[in-house]
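Listed next: structures, encoded as structure tokens.
Shared chain: chain A. Partners: chain B in the first complex, chain C in the second.
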Partner chain A sequence: MYVLTSLRSAWLTFKHLFHRTETVQYPEQMPYLAPRTRGRIVLTRDPDGHERCVSCYLCSAVCPCDCISLQRTSAPNQWQPEFFRINFSRCIFCGLCEEACPTSAIQLIPDFEMSEYNRQNLVYEKENLLIAGTGKVPEYNYYRVAGIDAFGKHKGEGPAERPPVDPRGLMP
Partner chain B sequence: MEVKKAQIVVDGVAIDIDRSNNVLAACLSARLDLPFFCWHPSLGSVGACRQCAVTVYKDDQDKVGQIVMACMTLATPGMIISLTDTKSHSVRQSVIELALTNHPHDCPVCEVGGDCHLQDMTVMTGHSVRHYDFRKRTHLNQELGPFIKHEMNRCISCYRCVRFYRDYADGTDFGVFGASRNVYFGRARDGALESEFAGNLIEVCPTGVFVDKPYAQRFVRKWDMRAMPSVCPHCAVGCNVTIQEREGEFRRASNRFNAAVNGYFLCDRGRFGIGFVNEPKLASSVRRDGLLVATNDAEARAHLVAILKSETVIGIGSPRASLESNFMLRTLVGPDRFYAGTSDHQWQIAAMAAKIIAEHGIPTASIVDVEAADCVLIIGDDPSDVAPRLALAVRQVAKVSASGTGAVVDLPDWHADARKTAQIFDKPSLFIATPLPTRLDALGADVMRGTAEQLTDMCAQIETVLISNSENDQAAELLSGRAASALRSAHRPVIIVGGNSAGANLLGLAANIIIALRNRGADARIIMLLPEVNSLGLALLQPKSLNELRSDPTIGRAPGYIVLENDFLRYLSEGALADIRGQEAKIAVLDHVETRTTQGADVTIRCANFIEAGGIVVSAEGRAQSWNQAIFSDEPVTPAWEILHEGGAAAELIASSGLRNQEAVLNLLAEQSAIFGACVGMVATGNDQAQPTPSLPFRYSGRTAVKAHIDVREAPPPPSSHPSWSASMEGARLHPDANIVPQFWAPGWNSSHALNQFQTSIGLSLRAGDEGVLLFPQDSELVRIERSPARTVSNDAIMFCEISPVFGGEALSARSAPIRERMGEAVVVVGNVLAKSFSIHDGAWVRCDIGGVSVVRKVLITQSIVENYCGITINVSDEPDLLLPHTGMITRITDEGRA
Partner chain C sequence: MSVLFAFLHALALLLAVVTLAAFLTWVERRVLGFWQDRLGPNRVGWQGILQVAADMIKIFFKQDWIPGFADKPTFIAAPIIVLASVLLAFAVIPFGNGVDIVGALNVGLLFFLGMTSLSVYGVVLAGWSSRSKFSLLGGMRAAAQMISYEVFMGIAVIGVVMQAGSFNLEKIVAAQTHIWFIVPQFFGFLAFFIAGIAEAHRLPFDLPEGENELGAGFHTEYSSMKFGMFFVGEYAGIVLLSALSVALYFGGGHGPIFPPIIWFALKSSFFVIFLILLRAALPRPRYDQLMSYGWKLMFPLAIGNLAVTGGVMIALGQ
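What follows is the complex of A and B.
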């Protein structure tokens, strides 16, 4: 029995001599990564160019390694992060933050080349995370549908909103 | 009170009910998940939202059943109901779908998300897909002042806000507008909500229409904040609050239910005043060449030791510092050199209150006792200003008396609308006798305005009538006669008495009325209005009055003053201040805020405030409650008692070992004074828990990133100062039966309504027991207080009495930014007769010269004030104490003169 399994293993190993080679000459030769690949995290902007992140704190809540931290600005009606920090030395690239994000602001992109000699350099602030475009979700603009006043959009101007009610009117 | 217990059957399981309660409360008491909106444990039922539908079956044979609203159905023994049947479940699901048709898609940008009753109830009903495919109704928001942010789109029209604001808190400037599906909850026009209880709308609203504005400006989600129970430091009622912080920064204070103290509501001074902890704090400093120079703590403490080594050391205790700190100071300087850091008048009131409770055995009333009282007599001061939460309870007396006593018909307590109707037929049994107008006058009370002498006589008359047991016909014309006859027939009367305007003497006289009533068999109780959170605690340590400081000849040259957390220079007259300067005194101040006293001190030492270290305070009720360390910053701040202990040991005034922790200090205190025995148990280190309770919620986020910009390596969690608590997420997770609960949360209940899951029964005590211990037995022998001679005032002088407004009348809360915004203009309230004789009109500017101090005030003319009395608002921030009540003079000034 022992001899048989040894022979079988030797045969399987031998067969690999004739397989197609899978080695890629990285980094000279870049492999194809699908857009859904969960790599470096970025913060995107909406089609109008505003930061999409509304600092709702859902990504930080869902993060299993607690590596996201943020603080909303103190401006009363402005929902944007004062700081937004990801400690990539802790991040496990699970993508739960992307799933939790209600505004499609936080997205994982197919970039994994983040090696550093100094761990401290793996702490990314908002400036390091923000990109200029909309990322994988080109259309979505949360504030257009959120029902609150933001960035020049007033009550009743959203696509699914009626004009504001006159509380002194008595019409039904 | 006898609770008649019985059982009902819910989905085949028998649950206990309180017979006077409704099905909804019974189900929630049994910790069953039944959604609701318009019902509130304190506001009762109106059956408006139709959310709590359940199926009731006639008997075992009935398989069809009938849908009823649980909140409007009396739980009767033997009732068979179902929550899980498909019929009632689909009703609940459809109702919430209707409620949500116009609710915006804004949970991510809503401050209440994660702390939202509407979210919880939506998940509870299982509603997930909306069938409504039309455009949503929108509303414009209003600017409602510095406390509350308005986002009207989120409204689901449950009407709780108006029921609280108008019906419960008697506010008038907020209401409901519009018709049908367009109803709008707000004010007639933009402006700050006038009621000092408006902040409760934040918690009363089941969703995010009313948002805590200061919190929204430093916003994090509920799950990202540490929560610790604490006691509001802004008056002597001692309301329980939950302090929430993140990374060493205070974020929010919210109501913490205590069945015996504040129940479900707080006042705005407490809720928004606590923000003072985020204002600039005192820095330790030392005076060099006449200037205060900032220094490190070690050097400041070395200077403290030098002052403690002076020949005479005088300690000035504080009504806003903990019992431990005051006691440590008294231990260092000795009882003969321990003075109260309050005006002499306030000292007299507090000393009298302590005497009445500790030596004369008069039982005190809690807020619950006031709400359940069948007759309330208010003497001397307006509780609306001094103890706002108490005034809110008094407002309920007018409503309780209509139904609670069964005067009209026997209505259940929770039947809110029926009770409101019944109120029309009943006059509240509320009597008010004060020199100045009160804001409770409008409740339909029997009101008398009297001078200090008239109030004294009135109290004596009431007592005489009650003792003699005779109907005094001539007294029927007077308030004393009417009050006496109402008190005589009352079973649970409460007397609220304050000595601010009319002297400490009144407290003793009111206590004598209580004795007369108790001798008649009534459960009469007293509440004495005291200004500060630990006024009673300090008075029980028997400090001397600052007036005695001046007359003490044994104080030699260059004495040392150790001032504990108070602004005692405010309370000294010009002469006394000159005396202290003449003595070449050295003053060391331990405080956490900058005051006039710290500016004039030789050494200032930063000590912990009420959220930076633990401590025990005694409320006016005689209830010892504890502050807990709620902020764990990188550089821990030492409480004053520890600094004093260290200094005292270095100066060889006390042994260096022994008093190392709170428990040891309180043990020594209990040895010296048995009444404090119960305090020891409150901080006892030997707890029966296997593991400490974590003070961080289990969803606390960002631990590995929040300080990563400073150092990517994570620091260990801060140590906890108390063995029952852990400062991190580690420890035994909270359980409804745990004896320590930092924050109320239960699965499926993320909002403040999770409290239901922790109570023995809806509206009653927590299963872990209410926090705080009453220091005095409520059944001791009653000893009558001998009447001391009343002060005499010449008739032609004007008597100035203090008005300390809700916003700005208390020194710590007056530092909080939103409270500063709400402070009104400083006024002098003048009667119309007096105004005519001085020919001053409403809104004119006058100079008031009161005992050597002159201040400028705007005139407010009133009809309802006793002759020759004026009320004057105090300015705790910028002026010395006016040492009121005091006689003085009014002079009219022009606008140029004002400048």
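What follows is the complex of A and C.
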């Protein structure tokens, strides 16, 4: 009994010799990566070409690996980070930073080929992270929809905004 | 002069067997890969054929570490015993065409059984001298498994010995000119082959190693070439088991057209591939299942085979 079932499973396994193999011969044969693949992290710019990041520290706070380190610039009324550092030797590419970011500044892109011989080289600085474009969110500009005074836009002038209510003009 | 020649002859056979065993590590991974819808190692050299060389270089340059808590002399002796006992057993395999060393030894089969019993010591001593729990558990399992399977392995081959009337492996092969012993000794072959797998502690009977429960079992603490010796010993054990199955049950080198050595190699490679296939197909039994298969199923089967063989021989008046 045991022998027969064993021989049967041996035969079924043997037939796999003639099946197609699933292996992807990686460096020669690149697998398709979906645009949402979570890989290397970039910092994007808004459609006007300004840095999107407003140094809110949300990404650094949410990161489960504590691998984001940043500091807001000391210039008054300026919000871009003075330095922005991601330690990719600790990052687990969970994408939580991307979810937390209110300005869509930090984004994960489909690239995972980041091998280095020296571990220090896996610490990316702002100039390594910052890209020229808008990444996955083309139209979005945080200051245009945030409802605040910024870049010559006054309160209530944004696309989905109504003019601010005058509390003193409200009659019962 | 003849002493020198015999020495060189033995050396050549040893080298051939060790090379073959090392080569088998690549064959196994490649073929296993195909059976699991993968490709296996195919990068080093043509179709990955030089993988063996790469592995050898790697394993030689690994740190050869002996744990401080281990029993040093025994720890070093264990892999040597395993490899040496397997390699020595090759001396009696009747390859034919003058390739074998002492294929006509009058106690050839007993010599083989003795050598497999010796290799149990290597495994048990490895487990014991490592002084770690996983190794010891592996060694204990090896002792129980290999000793109980050895019992009916011996009983199973007695059927062949009775029919051939000799322990001499060359005579056993010669006795199969008309009919291979697989036909009259089918159940004997079954018991022998299963016991052989357990002796070589190959999957599905690799409980002494049991990667997912014991780390690496009896060789958990071994590294570098000492581990390599266990490894080569295991693969040489596969070749040995295949060669012996061919010699005992499948007519050795008998076959049309080709010289005996070619037929021997062909039949043996069939069994080697079959052993790899079993590894790909079968799950490892639980330890108590292993023991009860051995004692409650295989042991009575071997004894019954022996009794029937004897009865038929008396009835036929041989």
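Throughout what follows, the second predicted complex is superposed on the first by the 135 of 172 C-alpha atoms of A that agree within 3 Å, B and C clash if a C-alpha of one lies under 4 Å from a C-alpha of the other, contacts with A are read in each partner's own complex, and residues count from 1 in each chain.
Operating definition for what follows: contacts are C-beta pairs under 8 Å (C-beta built on N, C-alpha and C of every residue); 3 or more make two chains touch, one makes a residue touch a chain.
Keep in mind the model is a prediction, meaning the values are calculated, not measured.
Number of chain A residues touched is higher for B, counting chain B against chain C. Within the superposed three-chain model, A:14 lies in touch with chain C and out of touch with chain B [touch as defined at top]. Contact with chain C, but none with chain B, is seen for A:2 once the two complexes are overlaid on the shared chain.
Once chain A of one complex is fitted onto chain A of the other, the partner contacts of A:165 are limited to chain B, with no touch recorded for chain C. Once the two complexes are laid over each other on the shared chain, residue contacts for A:36 go to neither chain B nor chain C. Once the two complexes are overlaid on the shared chain, A:147 sits against chain B while remaining clear of chain C. Look at A:87: by the touch rule set out above, it reaches chain B but stays clear of chain C.
Only residues 104-109, 113-114, 135-141, 149, 151, 153, 177-184, 186, 213, 216-221, 223-224, 699-706, 708-709, 711-713 of chain B touch chain A when the two sit together in their complex.
Against chain A, the residues of chain C that register as touching in their complex are 31, 33-39, 190, 274, 277-278, 280-282, 293, 297. Chain A makes touch with chain B in their complex at residues 54-58, 60-61, 63, 65-72, 74-76, 79, 83, 85-87, 89-90, 102-103, 119-120, 122-123, 125, 142, 145-150, 155-156, 160-172. On chain A, the positions that touch chain C within their shared complex are 2-3, 6, 9-10, 12-14, 16-17, 19-23, 25.
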